[in-house]
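Order of writing sets the chain letters: A, B, C and D. Residues in each chain are counted from 1.
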Amino acid sequence: MADQARRSGINWAGLAVLLALLVVWEASVRFGLIAFEFVPAPSSIAAGAIRLSREGILFTDLLHTLMSIAMGWGIAMVIGISIGLLLGFSSIARKFGLASVEILRPMPGIAFAPLGLLLFGFSLQTELVVTVLPTIWPVMINTMGGVANIHPRLTDVGQTLRLSPTEIVRHLLLPAALPSIIVGARISLSLALVMAIVAEIVGNPAGLGYGIVREQQAMNPDLMFAYIAVVGILGIVLNAGVLAVTTVLWPASTRSMA
Amino acid sequence: MSDPVFECRSASVTLSLSGGARPIISDINLDIQQAEFLSIVGPSGTGKTTLLRMLGGLLHPTSGEVRVNGAILTGPPEGVVIVFQDYANALLQWRTVAANVAFGIERKLPAKECTDRVNAALDLVGLSRRAEDYPWQLSGGMQQRVQIARALALRPAVMLMDEPFAALDAMTKAGLQDELLRLRDQTRTSFVFITHDIEEAVYLGDRVAVLKGSPGRIEDIVKIELPSLRDQISTRQMPEFLAYRYGLHKAIGHG
Amino acid sequence: MKFRFWALITAGLGIALSAIVVPVRAQAPKLVTVRAAYIPVVTWLPAWVAKEKGFFTKHGLDVSLTVAQNLSLLPGTVGRQFEFVPSTATDLIKAVAGGLDVVAVSGEVFETEDNASTYVMVRKDSGIKSAKDLAGKLIATPTTGGVIHVATLYWLKKNGVDPASIRAVEVPFPNMADQLKAKRVDAVESLEPFVGALKAAGNVQLTAPLLSAGKEVVFPFWISSGEWAKGNKSTITAWKASLDDAMAFIKQNPDEARQILAQYTKLPEAVVKATPFPTYRTAITAKDIEVWANVLREVGQLTTTVDPQKLVAH
Amino acid sequence: MSQRLPKFPFLGRLLMQLPSPLGVLPLIAVLIVWQILQKGNSPYFPPPSAWWSGIVQSAATGKLLPACLASLQTILVGMVLATAAGVMLGVLIGLSRRTARALGPLLEFCRAMPPPAIVPLAILFLGYDERMKLTIVVISAMWPILLNTASAIQRIHPILLDVATSFHLSFYERIRFVAIPSVMPSILLGVRIALPLTIVLTLLVEILTSIEGVGALMITAQRNFQSGQLYGLLVLVGLFGFFLNTVFSMIQAIILRRWPPRSIPA
């Protein structure tokens, strides 16, 4: 209610918490409580970030990572939702496919980095292999769960209203499963971000992930942490963005989201 | 007359909704005596549920005051329990019927006494045989009886009921209505019973309060002088019953 | 007679043809395209110098250099994405033992007694003075199966310490100083220019582990696919000649070389200035690799036999 | 509506939870085709028979079992801790919009942290031990549990909260007796998503640091170009994850036998 109004504005409370942590960090470095070469103070990280953005390199790296997140997430969405719907709606698919999916699920995506490297070299494709594989699962499971949780009566409703099977799926079942799919999509998105960064650290020398490695190798911890900070801020922005988009497109489905 | 269990003195509730502050009920004055059955009727949107939530201590009056046994009400009062219309959401679906009935007393009473009270309450509502089932395995009427049993197990002085039978079929409803009256006589509990069904209000009530307008106000309180032993068929055919019914319809504006 | 006649004619035509062709080539040299990967550390400076100073072009090569993060993943990309990639003896031997068709084509850096670049370092106050003191300790290494760690294990073994008694964890070079300082590890295997920083922070060197394998041992070098190496000998020769020129240039113009180093590694100026140049050399023989095959076998990381002759392109 | 109970509701639902063993057929088919097509010993796509010999070889060195046990310990303890942390934070955030707003950006920041970037920091402050492994695993694996819990808490029907208030439940009792049980199906759904994530992250930390575990064996196999062993280990992890998932499904079914059938997540 009153929160609803506040929601659209800037989240001052959240910013205050972040700021307080930064102050504590700054103080611990200043007063020598943390004294490591590779843990710089927030002020020097900020200075580093400004330097990087002046050079324009930060922006180029950010763009690359954004693009690979978008592509990786997009591909994972298509695959994950398709398999999820198939497994959710078809008991035959579940019978003959679920166990295979469950075996593939716990395999670490990063183990496929060498395979990606072999097939695609140090390239965007390798990055996508590493990003897409783990990103598929959350949205797939949530889609399957969303479909399984649809009340059986909904199909009856559709039949009474003389809807065709495709209409029942389109107008009744998919909307009913949508909130669950959206939650899965959100989990997948942050996973796509993490995995894209990981891929850039181990496989594809580009983007924010490589920025972290590059500045680490170049012994510029302030710049390295500047990249890490940008990754974190990207996480906040992406989440807020997804929330805003889903609120506009499907107001009913986001009622419950944090 | 003895002191009232419940007193409302010019109580009003204003809620802040998305459209701004809106008065829901206004200037409510009510007394409820021990073992009295007070029905409250009114068209939808007159703040019946808000009134009940205020009596139950879930909402604070914006102005005026509510007293229970003479003390100003600040939260849910001891000895007052609410039975909600929406039984499916009011029950703890993951607890058995018996565990649901025990919910209000299990933390306050020794296990033995608790079990006795649960069994007694289930007996009263006729659900002893379903004690180990889960609510989602029961019909709507049975679930509502579980909620009533849960309220009874507390041995409350006052039961506040919010259209408890609205979603039930006529047969179940009639059975539960008679059970309530029997319970009142057995336990001397006071009832505040909200309904939009005028016949039900007259059949059950010692008095019927009419809530009307926006914000809702008590328009009239009608004393129902029917034989205390009510009967679903004969009582409902008495000329007095029909007269009350007619009068209340008029008062509400169904003319 | 007839045969002789035709032989003469053929020979004559051949000479005439080459007389026409060769000058044409010299006039408009067509550059051979070569793709190579590198890691942004001082080791690969000659390639950058060769690129920046035009030595590759001079020798008829059009080289594209691509940065990579991880040396150990590189052998798999040979022949697909790259013609030349950096590698080490341990990686090469293990790759060949694993069935990959890769060979060493050109040397790069040699670890020598008078110019060592790799050290096992410990805290000054750690009380660790010799190999014996390291028994049962936790050591930070860039790669557990890499040449530096294998050399360290070999050094321990030679000094009577069971390599199995050492626990190793992987830490990137730049993070080693802090890990040592925080006492999370007892010793680190570090490399210039990080050794300089470690020394400045008050740590001491225990040994130069690579030298336990010999007085002058091959460190990183260039590899290519074996199949490709057979058919492109001239390209390999041109590659080595370009690097030789670059290595000579580095020796004569260290300041300018350091500028190129800064450009490619983005290291801070002070570090660039303090970075010593390792011993660069393009000549590499089967003997150089064999040393490491023996070391690997000694520390139990190689059980199959490999023919060192097949590990180097001839 | 009433009396529509199957005769053995619990047993039936328990079996429904388990994926049919026939579901491994597609994988087996792929493996057979792979084995037939891959005649030679490819260094990158070795035939499944080489995977088996790789595993046998690894077991023969005596390193496989301790590595499995080390990883298993991290996975199980990590799972428990991630569930505890996810539920606690989820309840906190779900109950109060104010807390959700105050902690939201910080949590989103942490959620975006790639393990390779935080591993060096975690090591610096915690050292090379189980604590560090667990910290990384818990920090990264708790999100599905946290988000599912928070969102389900916010969806608790207001009537149920009225019941709690009207029955004089204390804050702790509200959480213990009303909030957590009513969101239990969602918590378990979150755990089910987090379970393979815990496995992946445990291996990732081991891959990144070479601390003892199956991940360390994987990176060693990869660096030594023993691709057969690498694939063998991957299959081992897959089977292990499948087993863990099946066990969890059964536990889930046992817990959820009290909840209305439709609230059981897939």
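Going forward, a contact is a pair of C-beta atoms (placed from the backbone, for glycine too) under 8 Å apart; a residue touches a chain by one contact, two chains touch by 3 or more.
In this text, all values refer to a predicted model and were calculated from it rather than measured experimentally.
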If every step must land on a chain the current one touches, say how few steps get you from subunit B to subunit C.
2
Using only Cα atoms to place each chain's centre, name the chain farthest from subunit C.
B
Note: of the two pairs A-D and A-C, more contacts are counted for A-D
Dist(centroid_CA(subunit B), centroid_CA(subunit D)) in Å evaluates to 47
Expressed in whole Å, how far the mean CA point of subunit A lies from that of subunit D is 17
Whole-Å distance, C-alpha centre of subunit A to that of subunit C, is 38
Multi-chain contacts only, two chains or more: what residues does subunit D have there?
44, 120, 124, 222, 263
Touching at least two other chains at once: which residues of subunit C meet that condition?
76, 172, 175, 178, 182
At which residue positions does subunit A touch at least two other chains?
36, 38-39, 114, 118, 201-202
Which subunit D residues qualify as touching subunit A in the complex?
19-27, 44, 93-94, 97-98, 100-106, 108-117, 120-121, 124, 140, 143-144, 147-148, 150-152, 154-155, 189, 192-193, 195-196, 199-200, 203-204, 207, 215, 218, 222, 230, 234-235, 237-242, 244-246, 262-263, 265-266
Interface residues, subunit D side, partner subunit C - complex:
41-44, 120, 123-125, 127-128, 208-211, 216, 219-220, 222-227
Sites on subunit C touched by subunit A in the complex:
37, 40-41, 66-70, 73, 76-77, 80-82, 172-175, 177-178, 181-182, 194, 197, 201, 265-268, 271
Residues of subunit B defined as touching subunit D within the complex:
53, 56-58, 75-76, 78, 80-82, 84, 86, 89-90, 92-96, 103-104, 107, 134, 136-140, 142
Flag every residue of subunit D that touches subunit B in the complex, lowest number first.
1-5, 157, 159-160, 162-163, 165-168, 173, 177-178, 181-182, 184, 258-261, 263
